[in-house]
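Pasting the structures in now, so scroll down.
First chain A sits with chain B, and in the next complex the same chain sits with chain C.
Up next is the complex of A and B:
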């Protein structure tokens, strides 16, 4: 007696039902910690002196990214790149122009570490998104995932690494924080714990409400970031994406969890396939014999 | 009709077609060496905005989609119990094995730190349970092994019929065991592609706002499963007709004719679901207003729709030219959908652009050429294709211009 198609479909249906009964649990966003280290950048104070960029290079031992401008060499990276962890960029609107510091945002719930196959990018102490080259295979999925296009790949290297800001965690032992904040002459970039930075940002907003627009970027965007931004013109001119409050990993991991139910759904599916294929194994030869 | 047991096709190996493919292989090898000597930055057009180029989008994502023939056929034959399609199983599994093999090689070209690739399967202590890419990687590796084992009766039969006594003894011992294990291998061979073909879509969910809203959806995994079905069936038809023409074998067109309604059904369900989901997500207006992206969206829809219609129409007479049209359209539609998701509808902003470099194109062509040459070689030497084969010793030029024996 061979299994009919209807019989097979019944088994498949039952398996699908069993998998659906265990309810899909939504993966909730991961909150930031009270001790998470971050930066506050205030575009109303930045004059574009680039002291932070130079200090970052020194502190992290990165060679200057030299370009010839008007016949003279300048350390002038246009963007974050394989040897640049922090950069000052210009922004402009119809009436105003100013500067913007870009570096890793250190998300509370980072997409880069969610996609990373072997945890080369992962949340470390004080919420820092850090990189461990020994676990990196160079797949560059982090670059696809990051909503801020932060992780950079050393394209020209024979042994390429992913490069991104780690908030100078190698200096913490010496009692020092991020080098960029240390050298800023105008308090445009300050470092501290995220709750402290949020309080400072709110203090500045309250003191001069007319000077700012758009609130605090990073307070809720993308599930919250440890690096926060204040702007006189809102955040679209900065090129910061208009992210919702839900971090991307919450959606992706919810969908994946709904499909897989841990390993339960694949196991049920495998068992079903195995039983049906085993029952049908003679049908194949029978059909062939009938044909000939 | 074509229910005789599978047999080697035999015939001359170095035909003009194969020579041309070997030339492509040579060019691809040179381009590949260039990548390993000069690095990814010099050899490819990939950049920090477009970190994945055609080696991922075409060689892996489209390539394994086209390699889903073994998957869909195993489902049809062993789960839906359509034993009459069994003669198509071995050639389908062979193309699947080659397709996944090519994907594996392409990944080795693409990975920045390729020499650490071996660590992925052997480092469970580092595995990240949240990584969709890890699931894709492990699943694809496992599946490649499974297809190889699913095909083991073919190469064991080949060894058993050979002249070397040691090999023949080995084959005689393992052939019954392989056949006994087949249902479980098939179950794995169905589970693994279900997982990783859907997860290929899951990969691009994380791109968030960087993926155009017409493509970004929580349904991406399901869409990728549908396109795997469409492309897998397309390849099945294409391969059957191609093999008939190239090796002067009788056409399996009658056998294929009745299959058409399943393929059309899968394609139409996919199209309907996409519109329903776009409606639910409130994005239906974009199909008119999204400009260049709307063009690519409609191109996918029209190609798939045409494919479904022809798949239904060929069912009455089983005309090979209609089958070929329908198959090519299904393959094209699936390929376009997947390239759209991975490259065309992906925009990192900030003025980044990507167009594949000469090296990237040559490596891709070289891999496809290698795959085709190995296919020709294997069907000539091993019992893959069912039915009548031309008598050994007769030269058979591989070319579609040769008359078909239908």
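Up next is the complex of A and C:
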């Protein structure tokens, strides 16, 4: 679908109209769906082989991020970036070290989508937070909004896009799920519907309670994410933010919709501007008449 | 008294023969029952007739085949296939030998396998290679016409090899270019690994089929992956341990040869899994020399042997990015400073606009005075 100028104006007009008629009630957090696709990452199982990162590149047709190390080229992305949807990071505590897979968390109520003025980032089928390049204006608000620092911009490209994991939705037609989960040799990353993954995570926690700490990250954090994490050391060493149970858009949209409710605040603001401008213009005209 | 093996070729029992076939099948990755089927085919008189032609080459591929031992050459050319025409191995010579070629082609028309070793010159109407009074291009076209399968062994026959290196004075090309429209199995290599030929020929002898080929006519069982994928020194590459010069400490430790110009990352072949001459480690990287990319057109005999080449598909290093992909917090002091900057800018612009207004009015007043 190509976005025309007319279409874009329609979107903005509809958004403004919706804002004008919204009531001041608090915006309720959006729940996750029963069929939402997600990933379960178990840090006690990951060995850091990076099969997932390589399979991700193959499945999504992304070029390697080449860095020269000791005179030889390696595919060594420093983090998620314009050509990397999934990366293995290393965490360490005083006594232990291990690996962490990072990719889009597919929040139930995503902040990136809430701030996206054109709806380029939106919740698609099976709860996937997906990107529509035809609607993107390149404002990169999504990059600022995401609590996990996931959406990445293709700075090196002349026609840049926002790059993020979409759980290999282009492979669903072939009956395939996310490529990373398909190739993991240790079952450290598995894909499935969110309720299935939660059940599996709880089963693992119950089977080996001593092996895990901190419960399931993503069950409630930030309003719940479709990608869940299990950890042997809690989640502070993982660099995952300590989010509350309330999704960010619930608060932000409540405040913003209150301000713009009935278009009252904008009318007051722009009305004041209009009066000031009119008075100034009147004063200038009067001064000119006096001079002549 | 003559040598017993020569005097009594029928001394091979059925059991021995099935063993030979099974060993041959196993050596090229076919199951044991394929060996039995091979033996049955031979018993039924279905040994494939093979014609082997030599053109612009060094006979290195034949030499390499002579050194295979499972099956050994005798078993191969006498028991498993019927090698009817091969210029290096023939006992006959001259007109007598050329007559064998004609006879074989006539008797096995549409059934024989043609194996070509060496490139074919096309420049100046192909006058640069004559065998038995015939141009190479004429012979290969004539023999290929009635062949059931055409196999090009070695880089010369596959894509031109050394004779086709710049400036290519004879206009040398591979068999596939000389026979447009014909399916040619290419087995590049300098020399080609004999087991890749045996695998192809024995599959044809047993099942009457050819292996799955890639877009360059190379059997996927041997050429689907690059040397680098299965290199025994790969762990050194992944850990960034490179020999910097021949004979240095790293080279003696058996470190990765990439910086010495190894073409393993670009070269499609199975040398790293299947060594030569059945001696473990007998292949270039095994003896401490970088791969020269002998199977790969555009690399072998073109790119200097010790020139380092970029890697098509780089792999991950042994270092990982740190956690902390999240963003930093905005501190109170930073927020206060930011507020100050914004406030100062707003105040300054207000003052500046006032001054500008006064200046404009003053200028207007001065203009009106005279």
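Criterion: the second predicted complex is superposed on the first by the 238 of 292 C-alpha atoms of A that agree within 3 Å, B and C clash if a C-alpha of one lies under 4 Å from a C-alpha of the other, contacts with A are read in each partner's own complex, and residues count from 1 in each chain.
Rule of thumb we're sticking to: a contact is a pair of C-beta atoms (placed from the backbone, for glycine too) under 8 Å apart; a residue touches a chain by one contact, two chains touch by 3 or more.
The shown structure was predicted, so the numbers you read here are calculated from the model rather than taken from an experiment.
A.B. asks: Could you say whether A:281 touches chain B, chain C, both of them, or neither, answering first, second, both or neither?
C.D. replies: first
A.B. asks: Of the two partner chains, chain B (first) and chain C (second), which one does A:141 touch, if any: first, second, both, or neither?
C.D. replies: Once the two structures are laid over each other on A, A:141 reaches chain B alone.
A.B. asks: Who does A:99 touch here: chain B (first), chain C (second), both, or neither?
C.D. replies: second
A.B. asks: Can A:66 be said to touch chain B (first), chain C (second), both, or neither?
C.D. replies: second
A.B. asks: If we overlay the two complexes on their shared chain A, which of chain B and chain C does A:240 touch? Say first, second, both or neither.
C.D. replies: second
A.B. asks: Quick one: is A:79 in contact with chain B, with chain C, with both, or with neither? Answer first, second, both or neither.
C.D. replies: both
A.B. asks: Could you look at A:196 and tell me whether it touches chain B, chain C, both or neither (first, second, both, neither)?
C.D. replies: Neither chain B nor chain C is touched by A:196.
A.B. asks: Mind working out whether A:48 is in touch with chain B, chain C, both or neither, as first, second, both or neither?
C.D. replies: So A:48 only meets chain C here.
A.B. asks: Regarding the shared-chain residue A:114, is it in contact with chain B (first), chain C (second), both, or neither?
C.D. replies: first
A.B. asks: According to the contact criterion defined above, which of chain B and chain C contacts more residues of chain A?
C.D. replies: B
A.B. asks: Which parts of chain A are in contact with chain B and also with chain C?
C.D. replies: Dual-contact residues (chain A): 79-80, 147, 149, 239, 241, 291.
A.B. asks: Which bits of chain C are touching chain A when the two form their complex?
C.D. replies: Residue positions touching the partner: 237, 240, 242, 256, 258-259, 310-311, 313-317, 319-327, 364, 368.
A.B. asks: Inside the complex, what are the residues of chain A that reach chain C?
C.D. replies: That would be residues 48, 50, 53-54, 64, 66-67, 69-80, 87-91, 99-100, 102, 147-150, 237-241, 291 of chain A.
A.B. asks: Using the touch rule from the top, collect the residues of chain B that touch chain A in their complex.
C.D. replies: Touching chain A from chain B are residues 1, 3-4, 39-42, 46-49, 51-52, 77-84, 86-87, 110-114, 116-117, 119-120, 123, 126-128, 130-135, 137, 182-184, 186-188, 190-191, 194-195, 198-199, 202-210, 218, 221, 346, 348-350.
A.B. asks: Report the residues of chain A in contact with chain B in the complex, numbered from low to high.
C.D. replies: 2-5, 8, 12, 79-81, 111, 113-119, 135-141, 143-145, 147, 149, 152-160, 239, 241-243, 248-249, 251-253, 255-256, 259-260, 266, 269-271, 273-274, 276-278, 280-281, 283-288, 291-292
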